[in-house]
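Given below, in the form of C-alpha cells, are the structures.
Both complexes below contain subunit A, partnered by subunit B and then by subunit C.
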Partner chain A sequence: MNTSKRQFLGRTLGVSAGMAITALLGSTRALASVEDVQKAIAEFTGGKAPAEGVVTLTTPEIAENGNSVPVSVSVESPMSEDDYVESVMILAEDNPSALVATFHFTPASGEAVASTRMRLARTQNVLAVAKMSNGDVYSATNNIKVTIGGCGG
Partner chain B sequence: MMTRRDFLQFASVTAALTGFGGGLSRVAAQQSLTQDDLLSFDAKGQITLLHITDLHAQLKPVYFRPPSENIGVGAYAGIPPHLVGEQFLAHFGLTRGSALSYAHTMVDYVDMARAYGRLGGLDRTATLIKSIRAERGDDKVLLLDGGDTWQGSYTALQTNAQDMVDCMALLKPDAMVGHWEFTLGEDRVLEIIDSLDYPFLASNIVDNDWEEPVFESTSMRDVGGASVAIIGQAMPYTPIANPRWMFPGWSFGLRTELLQQNVNAARDAGAEVVVLLSHNGFDVDRKLAADISGIDVILTGHTHDAIPKAISVGNTLVLASGSHGKFLGRVDLEVKNGKVVDFNSTLIPVFSDVITPDVEMKAQIDRVRAPFEEEANRVIGKTESLLYRRGNFNGTWDDLICEGMMEKRDAQLSLSPGFRWGTTNLPGDDITIDDLYNQTAMSYPSVYRLEFTGAQLHDILEDVCDNLFNKDPYFQQGGDMVRVGGMGYTCDPEGSMGSRISDMTLLESGEPIDASRSYVVAGWASVNEGVEGPAIYDLMEEYISEKEVINIQKNDAVKLKNS
Partner chain C sequence: MAAKPRVKVPKSAAAGDIITLKTLISHKMESGQRKDGDGNPIPRDIINKFTCTFNGKPVFSCDMDPAVSANPYFEFKAKITEAGTFTFTWVDDAGEVTEMTKDIALK
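Up next, the complex of A and B:
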C-alpha cells in the first residue's frame, strides 16, 4: 500500500493506515432524530440517495463492550486517478451525536479501507456511506446489539 | 461395575417395584442393552470423528433430565433440537420406554432413571473410545473435545481444572475448543494450554489491541490417508455471557468472515475434509452451515442439545453430542477424489451400568478425586422431589436456589442465571457436596443483594429473553431464561425485543410489579467485577443443611403466550 508518512499520523488515533481524519467522536453537533441523520447523509452525498452494495461494513453482531466497539469499512474501487473513493462517513443512528467519523481517501491511498472504534449508547443501526469520485454514493447498514449482560450457559 | 446379569435384575426388579406401566415390552427393551449393542455401527470410509462436548467436569456417571421446554422461534420453531418429550420420540421414531427414549427425553423420567441408571462417566467413555480406535485403527480416528470440559464440579473448582486436564490427557484428544474454560482466567488458561499434547483451537478469538489471532485456528491432520482440517470456534459471546474482566485481552464474536477465510485457507492447503469443532450453539451452527461454504462437518456444542443423528444442512453435516458425558458422538466419512461421498453418524448413549469402565481411566479418576472424595460425598440434605435444572424458564434446582437466596439474603426477589449445566437428583436421593457444586461450581459465585426498580427488572428480563429467543440465531447466546424467584410473568417467545415480557407480578402479594418502585433482589453469577456477597455454594449449603429435607412444588409462575 502506498502510504505517506503524513497519512500515517492517523494511526495514533487507532485508525488504520491510508487516510486522514476530519472528524472523530466528540463532535459538538447533536443528531438526535432520524431526520437529522437523514439530513447529515443528504449533506454528505449532495442529496443523492445511496445505493446498496460496494461498501462492506464489518462490526460485531453483539458489542462486547459498548464503550469501545470495533468498526471496519472497506469500499470496492480501483482507486485510480479517475475512479476512486473520496470519502466514507460512519454514523451511529441512536447515539447522542450520530457522526462517528469521516475518512477521506485519494488515489494514493491504494485502497479504501479504514477501521476505528466507537462508543455506542445502546442497540442501534450503524451506517457507512461512501462517496465516489464520480459522484456515486453507496451505503451499508449493520445493527449492533448492546446488551445489559447475559446469562450464557 | 455391575455385570450384565446384575443390570438385568436391577432393571426388571425396579420396573416391578415402581409399577412401571407397559411392563414386559420395556423390560425386554432393557434386556437388549449391551456394550456391544451400544458400539454396533455401520462403519463407513476411512475417517471416524468422535465428539465429546460440554462435559462440565463430570468424571462420574450422572442423571441428567432432558428439558420439558426447548422452544425454537421463527424459522427454527418445531425442528430439531426444538422438540421435547413425545414430539421428540415421534420425530425420531423412538419407542416410549426404550433406552434411547430415556437418554433423549424426560418422558417417564424418574421411572426410567431408576430402571436404566446413570449415563456417562469418563471411564465408560474411555472404554468406548478405545474400542472404536481398536476396531478402526488409530490412524482413522480423531477425538475432538467441544469444550466446557474444565468447569462444573466440586473437584474441578478445587483443582483449577487440573482433575479434568489429567483425565482428558488419557483420552488423547486431537483438539479442543473452549467457553467456560476462559472463566479460569487468561493466565490459567494459557498455563493449561502449554501443558496439553493437543491444540486448543479458536478461529474467532483475537487480541483486543490489534485484532490478531490469539490461538491457532486450524489443525491439519492426515486421517486414514485423507487430509483433514479441524477448525475451532470458541463460544462467540463468552465476554458478554461471562465476566470479560477475567480475560480482558481477548475479543471473541462470531467472525464469520474470518471463519470463511480460514476454511478457504485450509482448502488451499489441501484439506479434503473440513471439520468445524464449534462451541457456537445448535441454531447458530445450523445457520452458519448455510452461510459458510466448504465445511463438511460441524461438531456442535454449547446448547447441550443431543440429537440421535447428524442433521444435513446443504452439504454440511451438523452433529450435536449432548452434554455431561451422556453421549459419545460419532461421524464416519468416506472420502473419494477429495470429496465426502458417503457417511454415517450416531450418538452413543453412555449407559454406565452396561459399559465396563476402562481400568486406566478409572484409576486416574480415583486418583484425582482422592484428596476430595470424603468432602465431595458429604451429605448435606435429602430431596423428596426431583431436582433438575434444564428447561427454558425454570428447573427445580434453580427454584431451590432462588428460594435459598431470598431467604438467606432477605430479599423480595431473586435471579438465578439460565445455565444449562447441572445434573439431576431423583426423589429420595441424598444431596451431597458433589450434587450442590454440580449446580454452582464456578469462579464468580458471589450472591449480591441490590435494589432494582420494576423498570430495571423488566429491562433485564427482556434483555436475557432476546438472547434466547432472537429470531436470528447469530444473536442467541445459548443460555436459558434467567430464573426468577418471588415473581411471575408472561413470556411471548415469538415477540420482539422489549415486547416479550408482560404481567410481572409479585407472587407474595399478587400485586403487579411497579415500574417506578424499588425491589430488593438477590442474585448470583453477575458478570461485573468486584461483586460482594457470600458464595452461592456456601449460601446454599447452609440453606439445604438447615432445611434437611427438600421438596420443590411445581412452579407455574411463568406463563407462555403464543407458543
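Up next, the complex of A and C:
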C-alpha cells in the first residue's frame, strides 16, 4: 500500500482536490512506451513478426485487484526433442515496465503450459509471445479491466 | 528474505505421464516503483529467477520482472519417464538462493 498518498490525501481538505491530485500523479507516472514494448518483442523474437494463433492466453476479463491477476499460457506443440516451445514472454503494455515474466520450457515439460500471478497498474492489454525451437513466433493478446491498480502508485 | 517454499508434486506417476507441479514461495517482491512514507523510493527486491530440474535436467524455468505478484506462484507440467528427484530453485536480487527437492516414484 502506498502510505504517502494515503497520508497526503488524508491531509487534503476536499475529496475533489484529492481526486484532481490523483489524476495528476497518474498522468505523470512513467509508463512503458509502445516503442519499449515493440523493442522487447523484437529482442525476444530476433526481429520476426509474431503470427496469430497456437498460443492461448487465459486471463480474467475483469481483475478486481491489480496486485494479483492470474495468467495462464498454453501453447500447442508436440514438445518432442526437435519440435518444442522454447520460451513464452508475458508483457503488460501499460505497466511502468512492460515485462512481466518469461517462461522457458524443454521437451521434459511435456506440455507448454504455465500459470502465475502478475501485477497490473491499470486496464490494459496483456500479450503472450511464444518462441518455438524452429524459430517460429506466435502471439496472443487479451484485454483485462483492472478495478484497483497494483503498482503502488 | 525468502521463506520456506511450498511445492506440490504427486508421490508417484506412471512412465509417460504428464504431471502438474505447483510452487509457492513467500517473498514481498518489492517492485522498486513504490515510495515509503517520506516519499523516498523503496529499492527493488524481487526473486528474479525460478528453475525446476528433474534428475539434473532442466524442466521449466522462469525469468521474473517486478510485475510478478508478491509470493510468486507457478503451475507447470513435467513429463515423467523415470523415478527421480525434482529440484526447485529460487534466486532473488540479493543473490539469496532457496532450494527444495521432491522425490517421485514410478507406479
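Just so it is clear, the second predicted complex is superposed on the first by the 116 of 153 C-alpha atoms of A that agree within 3 Å, B and C clash if a C-alpha of one lies under 4 Å from a C-alpha of the other, contacts with A are read in each partner's own complex, and residues count from 1 in each chain.
Following the convention adopted for this analysis, contacts are C-beta pairs under 8 Å (C-beta built on N, C-alpha and C of every residue); 3 or more make two chains touch, one makes a residue touch a chain.
Bear in mind the structure is a predicted one, so any value in this text is a computation, not a measurement.
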Contacts of A:82 with subunit B and subunit C, given as first, second, both or neither: neither
Subunit B versus subunit C as contact partner of A:148, first or second or both or neither: first
Which of subunit B and subunit C A:35 touches, first, second, both or neither: neither
More subunit A residues in contact [subunit B versus subunit C]: C
Contacts of A:62 with subunit B and subunit C, given as first, second, both or neither: first
Which superposed partner A:110 touches (first subunit B, second subunit C, both, neither): second
Intersection of the subunit A residues that touch subunit B with those that touch subunit C: 150-153
Partner subunit A, residues of subunit B touching it in the complex: 179, 211, 235-242, 244, 251-254, 257, 417-421, 459-460, 463-464, 466-467, 474-475, 477-480, 482, 497, 525-528
Residues on subunit A engaged by subunit C in the complex (per definition of touch): 2-4, 7, 67-69, 72, 79, 92, 95-97, 99-111, 113-120, 150-153
Contacting residues of subunit C [partner subunit A, same complex]: 18-19, 31, 33-39, 54, 57-70, 72-79
Subunit A - residues contacting subunit B, complex: 58, 60-62, 64-65, 70, 123, 145, 147-153
